[in-house]
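Just below sit the structures, each encoded as structure tokens.
Paired with chain B in one complex and with chain C in the other, chain A is shared by the two complexes that follow.
Up next, the complex of A and B:
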């Protein structure tokens, strides 16, 4: 029996091996093309993973990461000692949700408007909307500063006196910042987001619209009954991609734009800026890593549950 | 199968988030095996070294051993740097056969670059642990114990003669000496304000009782009055840029023992009682004064988000005065900082030495150092050898500077600060010890004597020599500093009403463990005082 198996084994494997070899040969150029990306992914995303151990250790530069003694969850204590963990989680998710919803709504609207335009200025409008996307956040932060600076800002020096409104010390008033940050994000990102919707719309068969027009459908009717339903798969895909990144935050936006004003921290601090501050301003590696681990854990749960919900609603649209 | 792949994929996705912030520790992970190996080598070495030490007692020839010194300064990119550093290297090679490699980082980059060197295991034998935050550097075990095997007694005798034992004790943790205090102006003239003279001229200020070269005593009321006149004459220019959070200890006499503002000595000259700074009247009064100044328009409304220093703002013509710690030569130092702008200094508080001065700019030997003896010799020379200190500070005699008749130094003929190949690489106070350096034209010849005198005659904290190990309370500390960071700019630049904001901040600090932290400090001070 066992002898038979031994004999049968290689014979059964061989065709499979052949198949595999054939496949490798066939897709070899594709593998080569993927190699740089995979190498990058490995170096950037996998190699640092062992560093996670730092979150559970009392770090000593002399002993290195592995030689340092384990101290359990002590490094996480500071996160929960105050409301910090709650605040940074709330800000990260809250802002991202607002960004996702508003970006989709506005980007689709802008895409539809652009697609319906017949003026020769269309290209100009499109470029102007897209332009902020290419600005670095540091420059954006100074543009914002030029508007909001308490002393020389455009609002306080030109607009408010003209309207007779009292000056506002923007960088000392947390209540305005959720709106400012959302506005800046949308202003910077909308041109780029609408490109995908716009190109999808331009790909639609014009005959459908012509038929609808002949049947007497108004522009609004055309949009609500033709454009939007056809756009639905694209919208769902874009939202899902965004949800997958909901625990990232746009570091430049949250770190640079508020000009690091301390009093604004409760509404501008996100997990990424929190970790960065701990690491660079206080040289506290274990504490920063602990915040990072917390981010990964919550992020993992979030992505999994978002996917679960999407699967319930629309199985084909789920990521996995 | 598909499901497993899917779960793995999602794992990867969420892990990549961490990577964005976790990439900094990565080099340490990659480099981890190397330090471990070095550690073994080091462990083996002292044993052999010890045997050798017993035979010949003190090593004088180090066989070309390489020692890397990492210093900080204003302007390391200069054409003459290579030539001057070669000279310094030659000097060490001739005298002790040590291959000294000096590296300079700018003030802005020093902390980050040095940290990177330390955590990646790159050679970095002597560095300024005070700049990196002494307590956390010691907690990370980056500093070598200079009492081990009598290292400092054998190779750092001149340092022992130079530095007061009380200050060395301040850099000693559990009997181990982890750093040498920087020798410079240790006392700080509290409440020192330096005003550009042109604005005082503009309001017809009476200079009859004013010393233009030193700090003039004044009171906050007089200053408020003076500011009112300045503001009236120049309504578009901000009068003053006040102290930020890290310089709070230049404002009034209190001692932030242990290097933080949570639990301080409010009467440090007479008492070791640890109290809460934030609920003190002193703090409230100060914040109220700043609030008053802000509302009167003396302080920029953008002060909290201002990224340029006072000197830059004054040169740009948007500011009249900034703040500093008083000391001999401060007026000249400020004038140089402002591009030779005549200035007048006022000081509203006494001169005071706080306990933290022992570690605030301490220099340490890396615990990874392969040859601590050689490093100690180099550190000793950096503190006390005029040949070394003057080469670093001023370059080569005859090429980069010449002596004037009275003993000052100045540019050689035909050179100035722009055409010189080696000038102003760092201010004297950023050296381990400034006392052996030559004095440049414009400063008093006996500047360093004045400085030593200034240190000796100033009020001193009773807690000099105390150090606080906060590793057991790191969670509380991180939480507290996060809250203080949030409120400090607004309070210290008078942006918010202190009557409302201070109680709110105290409430949050208490919830984050302020009382426990202060109690821990109190216990540590008592234990330390009992041992003295």
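Up next, the complex of A and C:
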């Protein structure tokens, strides 16, 4: 608020300054209204920022962040010398790519099906597939466990004996987890993802479809020549925005659903779980902060680039 | 005529796909609900099944009658959700209103300060140090309530865009000319017009608080009496994992003392139950909120 006043500068003419002062006075209560929220953001988001310095320090609990000596990029060199940096980067990006591609394909498909349906059940379908979105990841991990538990799980006790397949110790077998985690992610998120596509499709002019139908275009033809091309900008936006977040992972999914099984770490550890484990389990704050800085910095570049591209294509869809 | 035949086939195909998807969406919840109602010994012998040999309400009896800790955790979840949602709505509405006001000097700067938090953050460790060393939230109710959940930039921007698009600034000007103070304008003019978005944001915040387990996990190190139902569920998984991997000779005995499988499943059903109850009433609002956010984030 004071920045605006400074911008006016010494050269600004008096009446203008007076006007500004009057406006500030008029809006004074509005500034007071903004204050609690801004204070919260200050505490929650801005105050921690200087703590990023920790990534460049040799941390000792006794001396605190500012008393600890600077060690330059040593924490980063340590992080990138180990296998960890490669594994967490690969997993974070790999899973996100799989999520992005499958989510787009499935969410668009479901949205198109729902939009073309005539039954009044479609509202019910939409509500039911959105339901998993409302469950916490802790609960989801219990649901998954009910199916995958080695001794009592539904797969090992009911499905596999019926099919004559040997039992699988799911929580000890890394090779299955990429599929399980992708499935769980899609299962939880598909209802949410298709909402935007569905509302976009419902906004299309129905006359185009009627005209196409009169011209004898089949349903599939209508979908491929009308719906999909019209939906393209939305799809591109959603994908670009998701790519902007590709360095972030759903902590709950990767931490809770595998039930923290150590054997599974090579395929379940992402940057977020690595940072958490560094803080809460390994008690290795500098390495953890270094990984956090790595994530924030690359993440920031990716968000900015994605947004830049979105802006080029469609200004209104850009974040800013 | 070819079209109507094709149309019929498409409708059948659509219904089949959606029925399968709907079934997949709820099947795990149904299994867990049934497991929670199954006799524990039957579970150990037969495994988890959709049609159990022997039903039992023992797990729920254990939760609601025998174990005060679970009731306590449940109460904390409700308390946290109520207080958190109220705080969240208070902060979000006021800030969103401020940055929606045209002609407010410094509006661009304030909006940027809000928006920047969506682009860059310090990450977990600096935030943890800040909350623990400066604000001493460790092992207090504030540890559950304050970090990250109380307000977020996305909700503020969502509400702001609703204010801008749905409440004409002429109305606000008119109120000003009629001599209404800003507070009066907000309470008498803006809030009544903004009920739908307030409901949506309240819902977002409420669900986030009810489902959160991370704050309790990070900030409650010793004070387990503040555990919410999610934290309690989380802790049980943690203990089982720890005990099954440890070589401690007492491990087996300690493991046996933990809640049985049916009790754990009953706890998770209790954890989703309030969500299931309100879901039919709120999901429409939720869909509207997401659509609004998608149009302009």
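As a convention for this text, the second predicted complex is superposed on the first by the 249 of 320 C-alpha atoms of A that agree within 3 Å, B and C clash if a C-alpha of one lies under 4 Å from a C-alpha of the other, contacts with A are read in each partner's own complex, and residues count from 1 in each chain.
Methods note: contacts are C-beta pairs under 8 Å (C-beta built on N, C-alpha and C of every residue); 3 or more make two chains touch, one makes a residue touch a chain.
The structure presented is a predicted model; accordingly, all values stated were derived computationally and were not measured.
Chemist: Quick check on the superposed pair: does A:60 touch chain B, chain C, both, or neither? Answer first, second, both or neither.
Modeler: first
Chemist: Examine A:280 and indicate which partner it touches, taking first as chain B and second as chain C; both and neither are also allowed.
Modeler: A:280: touches chain B and chain C.
Chemist: Once the two complexes are aligned on chain A, which partner has more residues of chain A within touching range, chain B or chain C?
Modeler: C
Chemist: Kindly classify A:113 by the partners it touches after superposition: chain B alone (first), chain C alone (second), both, or neither?
Modeler: second
Chemist: Taking the superposition as given, does A:308 touch the first partner, chain B, the second, chain C, both, or neither?
Modeler: A:308 sits against neither chain B nor chain C.
Chemist: A:260 contacts which: chain B (first), chain C (second), both, neither?
Modeler: In the superposition, A:260 contacts both chain B and chain C.
Chemist: For A:300, select first, second, both or neither according to whether it touches chain B, chain C, the two together, or no partner.
Modeler: So A:300 meets both chain B and chain C here.
Chemist: Return first, second, both or neither, reflecting whether A:211 touches chain B, chain C, both chains, or no partner chain.
Modeler: Neither: A:211 stays clear of chain B and chain C.
Chemist: Once chain A of both complexes is superposed, is A:44 in touch with chain B (first), chain C (second), both, or neither?
Modeler: both
Chemist: Once the shared chain is lined up, is A:71 touching chain B (first), chain C (second), both, or neither of them?
Modeler: A:71: touches no partner chain.
Chemist: Residues on chain A in contact with chain B in one complex and with chain C in the other?
Modeler: After superposing on chain A, chain A residues 44-45, 47-52, 54, 64-65, 149, 151-152, 251, 259-262, 275-276, 278-280, 285, 288-289, 292-293, 295-296, 299-300, 303-304, 319-320 contact both chain B and chain C.
Chemist: Can you tell me which positions in chain A touch chain C when the two form their complex?
Modeler: Contact set of chain A toward chain C: 1-5, 20, 23-24, 27, 29-31, 33-34, 36-38, 40-41, 43-52, 54, 64-65, 110, 113-114, 116-119, 121-122, 124-132, 134-139, 141-144, 146-147, 149, 151-154, 156-158, 187, 190-192, 195-196, 199-200, 213, 216, 218-219, 251-252, 256, 259-262, 275-276, 278-280, 285, 288-289, 292-293, 295-296, 299-300, 303-304, 316, 319-320.
Chemist: Using the touch definition up top, name the residues of chain C that touch chain A in the complex.
Modeler: Listed in rising order, the residues are 2-3, 6-7, 10-11, 13-15, 17-19, 21-22, 24-26, 28-29, 31-32, 35, 43-44, 46-49, 90-92, 94-95, 97-99, 101, 103-106, 109-110, 113-115, 117-130, 133-135, 146-148, 150-151, 153, 156, 181-183, 186, 207, 210-214, 217-218, 230, 233-234, 237-238, 241, 245, 261, 264-265, 268, 271-272, 275, 279-280, 283, 286-287, 290-291, 294, 296-297.
Chemist: Report the residues of chain A in contact with chain B in the complex, numbered from low to high.
Modeler: 44-45, 47-52, 54, 58-67, 74-75, 77-78, 81-82, 84, 145, 149-152, 169, 171-172, 244, 247-248, 251, 259-263, 265-266, 271-272, 275-280, 282-285, 287-289, 291-293, 295-296, 299-300, 303-304, 307, 319-320
Chemist: Considering the complex alone, what residue numbers of chain B touch chain A?
Modeler: Where chain B meets chain A, its residues are 2-3, 5-7, 9-26, 28-33, 35-36, 39, 111-112, 115, 118-119, 121, 132-133, 136-137, 140-142, 300-302, 304-305, 307, 367-368, 471, 474-479, 481-483, 485-490, 495-496, 508, 511-513.
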